[in-house]
Amino acid sequence: MQQPDKNKYPNRTKPVKKYMQGEPLAPWRESLHEIIFEAETPAGKWFDIVLIIAIAASILVVMLDSVAAISLNYKTLLFTAEWVFTILFSVEYLLRLLCVRRPLRYASSFFGIVDLISILPSFLALFFTGAQTLLVVRGLRVLRIFRIFKLGEYLGEAHALIRAMRNSRAKIAVFLYTVCVFVVIFGAAMYLIEGPEHGFTSIPQSMYWAVVTLTTVGYGDISPHTPLGQMLASMVMILGYAIIAVPTGIYSAELAREYRRDVTRFACRHCGEEGHDEDAKFCKYCGGSVP
Amino acid sequence: MQQPDKNKYPNRTKPVKKYMQGEPLAPWRESLHEIIFEAETPAGKWFDIVLIIAIAASILVVMLDSVAAISLNYKTLLFTAEWVFTILFSVEYLLRLLCVRRPLRYASSFFGIVDLISILPSFLALFFTGAQTLLVVRGLRVLRIFRIFKLGEYLGEAHALIRAMRNSRAKIAVFLYTVCVFVVIFGAAMYLIEGPEHGFTSIPQSMYWAVVTLTTVGYGDISPHTPLGQMLASMVMILGYAIIAVPTGIYSAELAREYRRDVTRFACRHCGEEGHDEDAKFCKYCGGSVP
Amino acid sequence: MQQPDKNKYPNRTKPVKKYMQGEPLAPWRESLHEIIFEAETPAGKWFDIVLIIAIAASILVVMLDSVAAISLNYKTLLFTAEWVFTILFSVEYLLRLLCVRRPLRYASSFFGIVDLISILPSFLALFFTGAQTLLVVRGLRVLRIFRIFKLGEYLGEAHALIRAMRNSRAKIAVFLYTVCVFVVIFGAAMYLIEGPEHGFTSIPQSMYWAVVTLTTVGYGDISPHTPLGQMLASMVMILGYAIIAVPTGIYSAELAREYRRDVTRFACRHCGEEGHDEDAKFCKYCGGSVP
Amino acid sequence: MQQPDKNKYPNRTKPVKKYMQGEPLAPWRESLHEIIFEAETPAGKWFDIVLIIAIAASILVVMLDSVAAISLNYKTLLFTAEWVFTILFSVEYLLRLLCVRRPLRYASSFFGIVDLISILPSFLALFFTGAQTLLVVRGLRVLRIFRIFKLGEYLGEAHALIRAMRNSRAKIAVFLYTVCVFVVIFGAAMYLIEGPEHGFTSIPQSMYWAVVTLTTVGYGDISPHTPLGQMLASMVMILGYAIIAVPTGIYSAELAREYRRDVTRFACRHCGEEGHDEDAKFCKYCGGSVP
């Protein structure tokens, strides 16, 4: 069991992002990139820590602003804090665009859009109301919290979870689609059986009831009262209760498959691919001997 | 344990349907079959796309028709749309019967019945009311949506899910039967304990409460108020909470078995070993090319 | 892979019940036993079918009797039916005791007690009310329905499920006990936080709320209204939502283990034990070569 | 990969606790330790049994004290019982500190803190009210119940469960954090869509609704009424319904891994192969006796 060859594949665990492809920028911009995007230098670590705290604080401000009692008493304070954060994040966004080799690529990436959505609302709020609460989209930025501590352990864990999710997406899609069909059928049936006088005012409303029941949430705002309706509802409930097994089985099987592959985290020294079984003697991708 | 011979098994992934067995029809009918039932030609693909859109639109019409506000204002439009769809689907049904070698076989197959059920209600609605909403059974037709994109990936996934479901049906049946017995026992017990003055008006009604509670849906329309009733209810809840594990375990184990089988489709012709991944190009045991 | 040796182990799949141990009875009683307890002769099959129908009908009678509207209009009919069934089942019970070698053993076995409990209430009802509904305990007799069809497939499936449940009972017990401790702790905490004015009238009542919430049933008859209470409730909900994974994981793992063992249903020809792994060459119980 | 040597590892299953490290105490204190902390002698077993009964009884007293009807009628009795228990447990706590080699270590261990928290409230209650209910923290002491019966079987089971939980904590943390982000996003979105007039009075309140819905508890105290709100709520419900699969898959996979490890405790001394079941007497690969 040899070690993965670090000289041949130095960036194996960190593939180059699309927005960093191309010619290097001026040195000061590369250093800025180190601070803002990476967390390997002390400056980079501190930048991320301050950023996370600012994000969490800005989300808290928005939450408190929605509580009538608090927003009445502290309106000025909340308003000031909100604009401080907006300006902070706008500056950070501009800096990010500045220290990236392909600014447009970053702006259209997932995090780029998240960053933009998290500063726009404050500006829009100068013209519209209600947009202020979209600031909580900053919450998505807090997903980057794991980068601070370089918790390779946590990142690796997240990768396994995400890989298993990606591999099972086809089956999950089939499952979700079947759930939708059930919702339509049962919603319409209950609408016929119970009718508007029992709360099932239309087929869309009955479909909403079907979702509430199939997912076993069961608010109780709409519930069947006729014997036939209760019988059909019982079938829906038992169905929802039983088919929870499907996505769980799918995901468990995929994750178990990832666990079996996890044992050999090394890469084939001939072709660089990972993902070999425990008992593999030859790489299944290139045929070279393994490990 | 030989490798799959593509010459020997040209239709490996598409078994011949029962209604297509027998002597070929006139050429124009065979071409019609290609368009309507298959999606390998551009015409076939387009037919399916138009069909899906029509199905989705017809379901939407039925849904909107049930919302009192909308049906009052747009009655003529909805009525016209509904009949346009009904005529469209009737023509499509007749064409299907026409281009199939055994029309009776198709008419009695699952999709044949679905097709019929989805056009009958409009005709029945000329005589009865309420039948119009059965048009949503067209929803089952939308299950064919995956045929359009020839998403072999999705179809294969669905097959694995359905195979696992078929293999576990015996165990699931035993489980469902046991749930029914619990519902009867606990329903009767709560009826005795709580009685009609607390909402448990009869044993069937109490059985409905038992289903609502065992499946953890918990509407709250009926709930226990006496201490003994609440204690028994707690037992029912914990039981329902714990036995979700049974169908999940059954289905997960079956699916995991399918996953293991997925890899032994053929043996390596060099060393004879089975157990290769779907994406393997080389045998992991001997390094020879595979399949 | 040899076949299990049927000569050496003729009764392998049907162990002798405790109440049938000992000296044979008179021939007519042995024949009666064949009819009543076994379902291998046509008479035995018919007996079981008639019995199941009688049981299901008697349960239906009890259910209908509880619905006020029906019991008022059909009192005489229901009363007569109930006594017909009671006499029928009493005669059956006496016949069972008569054709069994150790009557006391049968009377104290699970099904013996079930049989007795299902005829006593009618007699008790001559003196007390409310006992009539215990007749639904006959429901447990319907578990014998699978014996009729000699669905070895279904019986085998049930055995695998029950074996997996038996093997995981220790872990499940630890889990259930931990749930109880959580219920006590969180119930008491919510009682302190919310107090009687919000519905949490006592610690037992709050423990009932904790069970309702932890099992994700969520009636809504009691729910937190203070911010701190809602925060604690959120923790309880997420905890309940997450620890569903525990019994599921336990049972799935056990069932998967059963599946792996299932492949080799044969018994070792040296010692007769089952339960060997797929790759076993020697019996792990006696060391003899296997299969 | 040798067989476990019982002479070499006499304390294999019982590691020395931190608070028992160091020089032995006076003989009477070591004997006291045997009685209080261990359950291998009859005295030790009896001590634990009496202790568990006392703990259960004290929790019952606190529960009954909270029910208004009971506390009014039995105030003196409950008060006396409570103080009897408090004094009993205080004496036990002092005895524990006395017979342990490092008293400070025990006082700061988990159980040490639990013991302290379970006697403090009564004393605090002399000055404050409400503290009395913290006595239920004694509930945590009841976790030691398994030590009485020396149910090695149960302890081993608990260890496997806890090990699997420890190994999956990283992934579970990632999952829980993602759930929090969803709760923030959906809570804020529903606050925007539904607004205070429908019960969504602030973002924190809406986040509470999001938790109630995502975990499929569904009290129904707050529920959406606008069509758009119901549509978003449906997405939240289906999401919560589907992602239950994630922690279940994680934990199942870890537990399955523990099960696989369970069988490779040692290698057969004849052929060197690992992977024997716990109940194996002979090696399944070579037939030699095992362990």
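By letter and in written order, the chains are A, B, C and D; residue numbering begins at 1 in each of them.
The criterion applied here is as follows: a residue touches a chain if its C-beta (ideal position, glycine included) is under 8 Å from a C-beta of that chain, and two chains touch if they have at least 3 such contacts.
Values in this document were obtained by computation on a predicted structure and should not be read as measured data.
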Contact-pair count is greater, between B-D and A-D, for A-D
Max Cα-centre separation from subunit D goes to chain B
Shared interface numbering between subunit D and subunit C [over half = same, under half = different]: different
Centre-of-Cα separation between subunit D and subunit C, whole angstrom: 29
Chain-centre distance (mean CA atoms) for subunit A and subunit D, in whole Å, is 30
Take the average of all CA coordinates in subunit B, do the same for subunit D, and state the distance between these two points in whole angstrom. 41
Where subunit D touches two or more other chains at once, by residue number: 204, 216-220, 240, 244, 248, 250, 252, 256
What residues of subunit D sit close enough to touch subunit A in their complex? 170-171, 173-175, 177-178, 181, 184-185, 188, 191-192, 196, 201-204, 207, 213, 216-220, 223, 227, 230, 233-234, 237-238, 240-242, 244-246, 248-250, 252-253, 256-257
Over in the complex, which subunit C residues touch subunit B? Could you list them? 59, 62-63, 66-68, 130, 133-134, 136-137, 139-140, 142-143, 145-146, 153-154, 157-158, 160-161, 164, 172, 175-176, 179, 204-205, 208, 211-212, 214-221, 240, 244, 247-248, 250-252, 254-256, 258-259
Sites on subunit A touched by subunit C in the complex: 216-220, 248, 252
